[in-house]
Amino acid sequence: MGADERLKAVLPPSIAARGEITLDAFLAPIRDVLNRRVFPDDSLSDEQLDILLKLLSSMDTDKDPEAARVGEREARIASPFVGMLSSGFNHGIGRSGHVTAAQPKAPGASLMQQVASSVALDAIRKLGLGSVKGGFISPLSTGMSIALTLAALRRTQGIRTVLYPRVDHESPKRGIAMAGLKEMEIPTILEGEAVCADLSALTKAIKDNKAVAILATTTFFPPRESDPVKEIARLCQDASIPFVINNAYGVQSNEVMKAISSAIDAGRVDAIVQSSDKNFLTPVGASIVVSPHQESIEAISETYAGRATAAPVVQTLASLLSLGFSRYKALQEEQKANKKYLECRLDEIAEEVSQRVLSVENPVALAMTMDGLDVREIGGRLYNMRVTGPRAVEMGAYGSCIDDYPHSYIVMNSAIGATKSDVEKATTKLYKEVKGLLSEA
Amino acid sequence: MGADERLKAVLPPSIAARGEITLDAFLAPIRDVLNRRVFPDDSLSDEQLDILLKLLSSMDTDKDPEAARVGEREARIASPFVGMLSSGFNHGIGRSGHVTAAQPKAPGASLMQQVASSVALDAIRKLGLGSVKGGFISPLSTGMSIALTLAALRRTQGIRTVLYPRVDHESPKRGIAMAGLKEMEIPTILEGEAVCADLSALTKAIKDNKAVAILATTTFFPPRESDPVKEIARLCQDASIPFVINNAYGVQSNEVMKAISSAIDAGRVDAIVQSSDKNFLTPVGASIVVSPHQESIEAISETYAGRATAAPVVQTLASLLSLGFSRYKALQEEQKANKKYLECRLDEIAEEVSQRVLSVENPVALAMTMDGLDVREIGGRLYNMRVTGPRAVEMGAYGSCIDDYPHSYIVMNSAIGATKSDVEKATTKLYKEVKGLLSEA
Amino acid sequence: MGADERLKAVLPPSIAARGEITLDAFLAPIRDVLNRRVFPDDSLSDEQLDILLKLLSSMDTDKDPEAARVGEREARIASPFVGMLSSGFNHGIGRSGHVTAAQPKAPGASLMQQVASSVALDAIRKLGLGSVKGGFISPLSTGMSIALTLAALRRTQGIRTVLYPRVDHESPKRGIAMAGLKEMEIPTILEGEAVCADLSALTKAIKDNKAVAILATTTFFPPRESDPVKEIARLCQDASIPFVINNAYGVQSNEVMKAISSAIDAGRVDAIVQSSDKNFLTPVGASIVVSPHQESIEAISETYAGRATAAPVVQTLASLLSLGFSRYKALQEEQKANKKYLECRLDEIAEEVSQRVLSVENPVALAMTMDGLDVREIGGRLYNMRVTGPRAVEMGAYGSCIDDYPHSYIVMNSAIGATKSDVEKATTKLYKEVKGLLSEA
Amino acid sequence: MGADERLKAVLPPSIAARGEITLDAFLAPIRDVLNRRVFPDDSLSDEQLDILLKLLSSMDTDKDPEAARVGEREARIASPFVGMLSSGFNHGIGRSGHVTAAQPKAPGASLMQQVASSVALDAIRKLGLGSVKGGFISPLSTGMSIALTLAALRRTQGIRTVLYPRVDHESPKRGIAMAGLKEMEIPTILEGEAVCADLSALTKAIKDNKAVAILATTTFFPPRESDPVKEIARLCQDASIPFVINNAYGVQSNEVMKAISSAIDAGRVDAIVQSSDKNFLTPVGASIVVSPHQESIEAISETYAGRATAAPVVQTLASLLSLGFSRYKALQEEQKANKKYLECRLDEIAEEVSQRVLSVENPVALAMTMDGLDVREIGGRLYNMRVTGPRAVEMGAYGSCIDDYPHSYIVMNSAIGATKSDVEKATTKLYKEVKGLLSEA
């Protein structure tokens, strides 16, 4: 900064030296992010993130006091506040035909995006998918990123139909439709109390159809269990069909990540899409798309039409750096402990009110039966009692991912970032509302 | 705020009264935005925008200190800085199957989005399209919003092919492909020095094809002129085919807006897409989609897969409020004056170096011939001289929107928000570089 | 905000209701601060503090868009960033002859200051001085606030000389001089290893001098112990002389606060001055002056010449609200535990290196002998090793508050806000440096 | 930043080079401030000021992640928001006995303070006082800085009494009292319509008293005119007595600065005190103290008791850099034009209502007679009509700086930073209120 010599000239030497040590300690992690571009072990502080983003955005041409700007799109902004809303990345990211390409008017945003995607890819590798080779932060949430991925497969692989083991969730279905593809729902089967993909039906569908891809799901609410991605990857390899994994909030789970890693090793996986908000405590808006093949990532990037808002990428970068590997591992431990605590609480309540916690594998969620109770009423009351997130499903209703599921039930999560206090408050209120409903009856 | 009585109790009455007057004057425009939801006559200050967004984001459930959050997606964030990057709208906007629907976990973001879309629609109406009935701020740039609009038409109207009068621009083509549609390019013809859509070829294509929609363009670089949207709208009405207008940066131009308005009156228009950054001095990332039919807007909103980042919507809202109608009109006047100034300067330079300014209608841009010169070299030099935005095209190259255009040329813009100083610096450097090149030869 | 009805009109009723609940929960503590003006039990969040300050500063006349400002001092600012540096309180606080009086141009700053002083006074009461009746946040650090307090006593009580039981600290001495008063140092005596005020010398000085006041000290570094404020208050009452207590960082200590409370009950105390940064985790710059007599506070406020910067008052208000009573009590508990931990560590080290922890009462600090060692060298090395705060004093040197103190020693603190990690790192490095020095010898 | 090579490695070379050019252009003025420490010709942008302050505050030891902090005062803060309120300078400035000395715990704040004082001194030199040799930004407003300056003279020169040509203003009087000095008011005389210091009375007082200093005033409201500082400086030199000039808002006036410059050349001047808010568009709270003698500045700095808040110094530095010499000169031109405009408007109104603009020299203010009118009523009405700053004085009342001034009058200012619109609105309202009052009578 040139401040070094100045410090020495104007301050007593020992004080100046102390100031340099502190400044170096402050700037070192920022330099490290720019130089190594990996998921750091230690968190960056908010002040460090602030400086990092300011330096990067100060490279974009709209910041150049000497620039003569005579394009139709020059990142002009209505007021300083508006510029602050974009962290100064007023040019957004990308070029007309390639959302991850360097934008000549925005060297800073281009560098920011490359650093962000590199850090994100490294994070996914360190958190379990060591064999993925390419990845980027998509400025779209999971559903739209699935659309983008499938549209790329349509363009490069000529797919027309997506085989989709049933999940009762609108976003991925809309994503399939957005890409102009036909969704073919693969039915599920009941295994004990768990709802699982019907592999034999899937195998048959592969045989009976042409120009298909498969979209599988690792994380959804119980009683739905994860799709067997390893087996599906083998089927895909054998049949030479593309395979996309919706890993919405699976990064937080070592088990899910291990399963995907095995799938990559054992068969064909074209792309894995994960939410940045559900896994990395980022505001809603981005997802991380990774692949064992760099060329798949290129194809997906080139499918995006035009430039994009930089905001979700900036937010994901900041979140990843604010977390760092050590804090993330600690959060994973906390998540596991909280899930165990949630299970205890629900077991207690279930016993009190003669219900049962369903026996279903799920990394973050548990479902308790609500048989004979007005479960939707309970859901509504919990919402009004300021409990957000529980999922109340009536017996046989849409949401169970199978026709005629034999229980009403309520689902609660203890995902990464949730606190013990969340679990405690939510279960206490659940107990109260169920007891209340029983006494009213 | 309850501060009213307190003020009176602790401060001398005349001072307290003065404080209330000031606070009321400060808060009145904020209240007005929430109550009337129109494009205001007067600008809001940055401080007012800040308070407005803070109050809105404080309604989202992740701000509730008493909330028990047991969903898998609860807008948890990695640090306060990360939350600031989203202006507090950590839940993003929308629901699984509807990007403009109210999100139960995010009442504040839901209200923000409704206010934003209402203000944007009102702005479009006041700036020339009085007869549009519905509109929303899409959290996607123009190219992707065209994809979204076309995907909605595919879903609701069964279109399979898009007739697209040739424009040499990647984004809209990628948008058509993203929606899984076939692009059929309609050729252009030379009229004098201008490149125009070939209406007879378009008419023929309408007859020869089924399940088509038309995508026309109002704003591109000279020598390409605007498509005749009124005539096309009539063709569309007669043939009952959907019509989408890419009005990327046309809002700033009264002429373009008048032409679109006539098109709506005279024929069929399904949707008009405009960039928020090119027209409203917003960071890149959003567009405003409007339609004479509210149901078209609904269909487009329902095509988006899942939630979206709130950032581009927040940025557009802030820009619109920071501008207001009066300031926008003043900026339009300034734009016209600057364009006239650009024309003078280019005329002078052209005469000096024996070239000519092309005779082409365009609301913001002008092209000067560069015949016999290495125009790409000049483009490169200007970039290095910190001139951003000029477009250098060789005779016959892609970019002219026609095969075999008979001139090399360079395009400069004087769009809304550009300053006289931009024009002055850019043309001075252009002159210097051309003279330099000539003397080197 | 008028948003209430709007919410109901545009959002589904249950979602709108949920938004209002959250907004109310967010705003309630802010309203409470303005209405009750007490040290709250619970912390306010940073977002709440931000809104509180913005609303208050928006009452000042420089924010009024309709104001015509024709004074020589109208809180004009060079840029928005500069305004942000003052949190918008550009008019500062106070009037020409009264720093706590309402300023007609600044109703918001005036209200802010009244709220701040009221909250501060309540905090001091709740933390042990229940019988103080008036107080305010002085925009000056402890030393200058002592000057202000003594200057007020000069003006209203005609004092000319300050009897000051010896403390080897420059600030209070400069404060006495700043007020144009003569300092008469009262010697100290050794009681065991502790250095204490010589009460008999003080009693004699009272008899021998006229127009005196006494300035006593509750908190300094060992081996100096607190002055016996109860006994001195009695002397002051008997002799009708003013008594000022420098309670720099005593608020954090229940023992110190109890002693001062007894002094108020038993005798005469005119004012008690405490640092806001040392007690309330505020940036350096303010102090809290309290008194059993409201008229003393008035006299002190009226002694300040002209307006003052609002910043230290704003910072102290924000800190007090960010802490709240519950968090403060928890921090006090942590401080006590850390001090105990510091004592253990120093005992261990002392034993290892044949030194001793001095037997001196002090709420936050401990001193370990460094006899026979180059203690200044150790101090310098610790500074370079990034240990800040230890105080290294050679046998007999200035700093011990007595001539010929028989030990060299090093002092370490575990004050409020320090962490266990601070203590651990500092003592580890101390051990290493002492061992290093011993091995070098 | 180490980003240089990275840029080259990850971005196309021409884009990377463009990014570096922009970043260099952005950082160059920041480097320049640290290296040359002068009042710059050109303004720094808000973004540049932000980075400058963040880098400086990042040198303080409380930012060091490796620091072990075991002092009683370690700049711990209650929350990140509180730290933001001090721009990160949590340690404040100064040491126990010297407010401008380097603070070992705060190398960044120490450097900031040195840069700030150097820039301020350079500004004062460039704006007219070329021969001053030392200066610093006092963290106190004008009144308290006068107290500090006089207290230093008491300490170093043994002064006991201050001869003060009458100005009806509380702050300086309180400043004299705060320093424990006796104020001896020197009467004024009427010269035409102007109120001036009575030099012969002053000369007599110099002869009749011992241990005196003189405090003169350059800027006050008409009818009071500036004191003849050149003549007084000569008297002081001849009599060997200290001379302090209260130049509250005189920096903006070339005439006032010339007069002071002549005083320095012709006689003895010990210190000149100027407001930072009145001259440099800074929030209230600091002043700039300069002297022809560096040792005077040292003595004043050493008189301050303890550390101080960094905020007013930071704010003044930011204001000076945000202004720069070129913008300041432009503001001075604007001020002169606005004052001329104010004079025209008042002349017009005066003629309409049969009053007169007083013939008094003043750089920024004008007074119009209000003879026969209830001038206090008009003052009150203007305040309620949102006109701030006018000064309404009844015939013979305190405020005219003389007994029995023969007019009632109202004063309006057009000081630096005021706009033509301020003048227009204020005079229009004045006219309306005077006419209203006349018609009511």
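So that you can tell them apart, the chains are marked A, B, C and D in the order they are listed, and the count of residues begins at 1 in each.
Basically, contacts are C-beta pairs under 8 Å (C-beta built on N, C-alpha and C of every residue); 3 or more make two chains touch, one makes a residue touch a chain.
Quick caveat: nothing in here was measured; it's all calculated off a predicted structure.
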Where subunit A and subunit D overlap in contact partners, by chain label: B, C
Greatest separation from subunit B - chain, by CA centre: C
Cα-centroid distance, subunit A relative to subunit B, in whole angstrom: 29
Centroid distance [mean C-alpha coordinates] between subunit C and subunit A, Å: 47
Contacts with 2+ other chains: residues of subunit B: 14, 18, 21, 46, 50, 61, 64, 66-67, 80, 104, 383, 386
Subunit C to subunit D touching residues, read off their complex: 46, 49-50, 61, 64, 66-83, 85-87, 89-92, 95-97, 104-105, 139-144, 146-148, 151, 154-155, 169-175, 177-181, 219, 221, 248-249, 275, 277-278, 280-286, 302-312, 314-315, 318-319, 322-323, 342, 364-365, 383, 386-391, 412-418, 421-426, 429
Contact set on subunit B toward subunit C in their complex: 1-3, 6-7, 10-12, 14-16, 18-23, 25-27, 30-31, 34-35, 45-47, 50-51, 54-55, 58-61, 63-67, 80, 88, 102-104, 107-108, 110-111, 114
Subunit A residues touching subunit C - in the complex, by the definition given at the top: 14, 17-18, 21, 80, 380, 383-384, 386
